[in-house]
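We call the chains A, B, C and D, going by the order they appear; numbering starts again at 1 in every chain.
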Amino acid sequence: MNKLVSVERAIETIKDGSSIMVGGFMGTGTPEILIDALVEKKVKDLTIICNDSCYPGRGVSKLIAEKQVKTLIASHVGLNPETGKQMSEGIMEVELVPQGTLAERIRAGGAGLGGFLTRTGVGTVVQEGKQVIEVDGDKYLLEKPLAADFAFIRASIIDKKGNVYYHESTRNFNTIMATAANTVIAATEKLVEVGEMDPNIVMTPHIFVDYIVEGEKPWQI
Amino acid sequence: MADIKHFIAKRVAKELKDGDVVNLGIGLPTLVADYIPSDYDVTFQSENGFVGIGPAPEKGKEDVDLINAGAQYVSVKPGSAFFDSAVSFGIIRGGHVDATVLGALQVDEEGNLANWIIPGVMVPGMGGAMDLVSGAKKVIIAMQHTNKGKHKILKKCTLPLTAEKEVDLIVTEMGVIEVTNEGLVLKEINSEYTVEEVVSATEAHLIISDDLKPMEG
Amino acid sequence: MNKLVSVERAIETIKDGSSIMVGGFMGTGTPEILIDALVEKKVKDLTIICNDSCYPGRGVSKLIAEKQVKTLIASHVGLNPETGKQMSEGIMEVELVPQGTLAERIRAGGAGLGGFLTRTGVGTVVQEGKQVIEVDGDKYLLEKPLAADFAFIRASIIDKKGNVYYHESTRNFNTIMATAANTVIAATEKLVEVGEMDPNIVMTPHIFVDYIVEGEKPWQI
Amino acid sequence: MADIKHFIAKRVAKELKDGDVVNLGIGLPTLVADYIPSDYDVTFQSENGFVGIGPAPEKGKEDVDLINAGAQYVSVKPGSAFFDSAVSFGIIRGGHVDATVLGALQVDEEGNLANWIIPGVMVPGMGGAMDLVSGAKKVIIAMQHTNKGKHKILKKCTLPLTAEKEVDLIVTEMGVIEVTNEGLVLKEINSEYTVEEVVSATEAHLIISDDLKPMEG
């Protein structure tokens, strides 16, 4: 079960129209080397699920700049002017989801839940088209699970079996996205041997990780 | 202007209690952290995944793995804890945040809030605001009373809502307004303004508290 | 904010009829010193929420033996004969919940969700009295959140602020129960100063913990 | 008797593939771990919160913080990972377990399973069984064909169900039965028994595979 592959091999089966979850929050925790490889591969009509569209030059914004994204599902797009531009020009469709609902929908997708009830968004445009369910007198929206063909996650440390440790605020959406995609690709800053990682601090168990790619670097300010 | 913002932030800080867990929105609300009494143990949450936000690092000493929800490099205090986005919003939605302080585009008599979109003009997305406003025990709006003379405290919000009837308190440079079942109650007023000036800067009906006090930053 | 108190002070407000979540799986991860203090306090008519009723002499079974439990919500009671006896004699009411549904209901209680949809239990007695919701052609049960007045959790290491680390398989229900109760009491094997625990490995952030009690010991076989 | 259990466990082990994540129920199913080919990397999950179950420790060398779901002291293999019960059942319910091997009180033609309660006699509770049977990709029942001569493979379960139509394969000391849309198909038979004997020990209608093979432990 050798999971350690080249970046080209890891993204080999991604094709036009694939859906990809990308970990990270404003780029922190986003696997840049996987994004860069996808830019190079020139696949298009992608559905990207990511907390935000980052800012120009970093993270998923690089895919947006190359017009490779057909649908973006995110909670925040305000710091990337290109996102707004492509939305209004009809190049890219953007589905805005409250951040907590986005996280929970991804978790539900990975955890085999058919959906969940949240007060978030009641009485707002987020409610449109959704079932409103009353439980014990309170109104909730029924939100459905999200899953994807691929997940790009960014490990601070990974062992060769695929157990992942995320440092500080790089964890964010990476843990849950790793559970909600058919194929999970982890780019890592550091690779260690099996047995070197304390099993108590593993944040994504190896069973979720399909491919490991080395060479992710700390972000350069 | 900077003075106004600090005045508002200082007043908001008085709403926080020792032991509170607080989430501060970006912009003006982040200034609130500077005015917490030093003997208070207030924990600031960053919705991207930790509690215990510390001061910004010196330039050149940034830790690239550590940003706040506004994408700024920060530090953590001793006793902090990191977690993922699902846990983070469990904290927010589950009522474990005692107070959230946010800016607003509009807020109205019913405590409705609009702060995430101006259709056709600005579509940044709601980020974590909808969850925060629905989930936090106390929702405090910290903002300038008007936007270049245009009313922001309205009878009814005209922009798409962030959440329905969740706002508890509005703190502006003019005064402190509580959202009650009876409507908006002016509880404190900045001595630089008259009641008439505040009323005129407010589209919503303002009930003037019988016990109107001077607002202190 | 001194959270470190005596066990008597920690359980002071627990009274007849209180509901208490107790961490642990067959006793592993259960705070024995809190249970022992509750036995001594002789409060009764308790609602206990725990994965299982353990085996005689350990964990919540000690409360059951003293007939202090009116309602038990658990997934498994097979290794404690006294539970079966009190069920059939009508002394204790037992609500059996599938383990994954129990965990998720507790999590939902802590995470402010109004409920969730699961396939677990469809077409079984677990379905009785529950709303069946169809999403995209599949049937799910709507399960509701669980919360309690108190949670008893067991820390392997805790810092004085209340940040908890659980060793190995002691983690189980402790993390989620710590989020779903009004008052959370942690008994710990080891207490460290604030700042001594790596914030990356905290499993229950301090904001959830109200009281810390020292003196929990490793289980003696 | 012990031989029968090992024979069944050995046959079940052949259903597992290199790289599989597997959850074994208590009792007979735990024996399956002993028959995995040594060059296979099969990960065993323990629903109380980890993947990577290793062998039982020597007496006196137990780690009291480390038990399996059957409350036995175990060890972990290199590359294991611990998590909480919510994550553990996310793994189970989310289809991340390739196979679960469980015992049964009854199983029927539709693949319904009853294994958690005999009303009035035994009420142990379902533990994690309902989630496992609903969530695992493949559900394998490993059990003795009859209970002291009484049928366990029925036309329709009479005991309260663990889950509806989730069983994929039944492995007993008599043979291997696949649950198909057409009904139960006897695919392999232990050479110690005749087809007639298996049919007679089975209340459910058995379709005999055209390609009936000898069952090997």
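Convention: contacts are C-beta pairs under 8 Å (C-beta built on N, C-alpha and C of every residue); 3 or more make two chains touch, one makes a residue touch a chain.
Please read these numbers as outputs of a predicted model, since none were measured by experiment.
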Joint neighbours (subunit A and subunit B) are C
Of B-C and C-D, the pair joined by more C-beta contact pairs is C-D
Between subunit A and subunit D, the Cα-mean centres are separated in Å by 35
Between subunit C and subunit D, the Cα-mean centres are separated in Å by 29
In whole angstrom, the CA-centroid distance of subunit A from subunit C equals 32
Subunit C touches at least 2 other chains through residues 104, 107, 111-113, 118-119, 167-168, 199-200
Multi-chain touching residues of subunit B, meaning two or more other chains, are 50, 76, 82-83, 89, 92-93, 135
Listed by label, touching pairs are A-B, A-C, A-D, B-C, C-D
Interface with subunit A, subunit C side, in the complex: residues 104, 108, 111-119, 133, 135-136, 138, 140, 142, 144, 165, 167-168, 199-201
Per the touch rule, the subunit D residues reaching subunit C in their complex are 46-50, 62-67, 69, 71, 73, 76, 82-86, 88-89, 92-93, 112, 122-131, 134-135, 160-165
Subunit A residues touching subunit D in their complex are 1, 107, 109-113, 159, 161, 163, 179, 194-195, 197, 199-200, 202, 205-208
Seen from subunit B, its contact residues with subunit C in the complex are 18-19, 21, 41, 43, 45, 50-52, 76, 78-83, 89-96, 135
Given the complex, residues on subunit C that touch subunit D span 25-29, 51-52, 55, 74-79, 84, 87, 94, 96, 98-101, 103-104, 106-107, 118-126, 156, 167-176, 203, 218-221
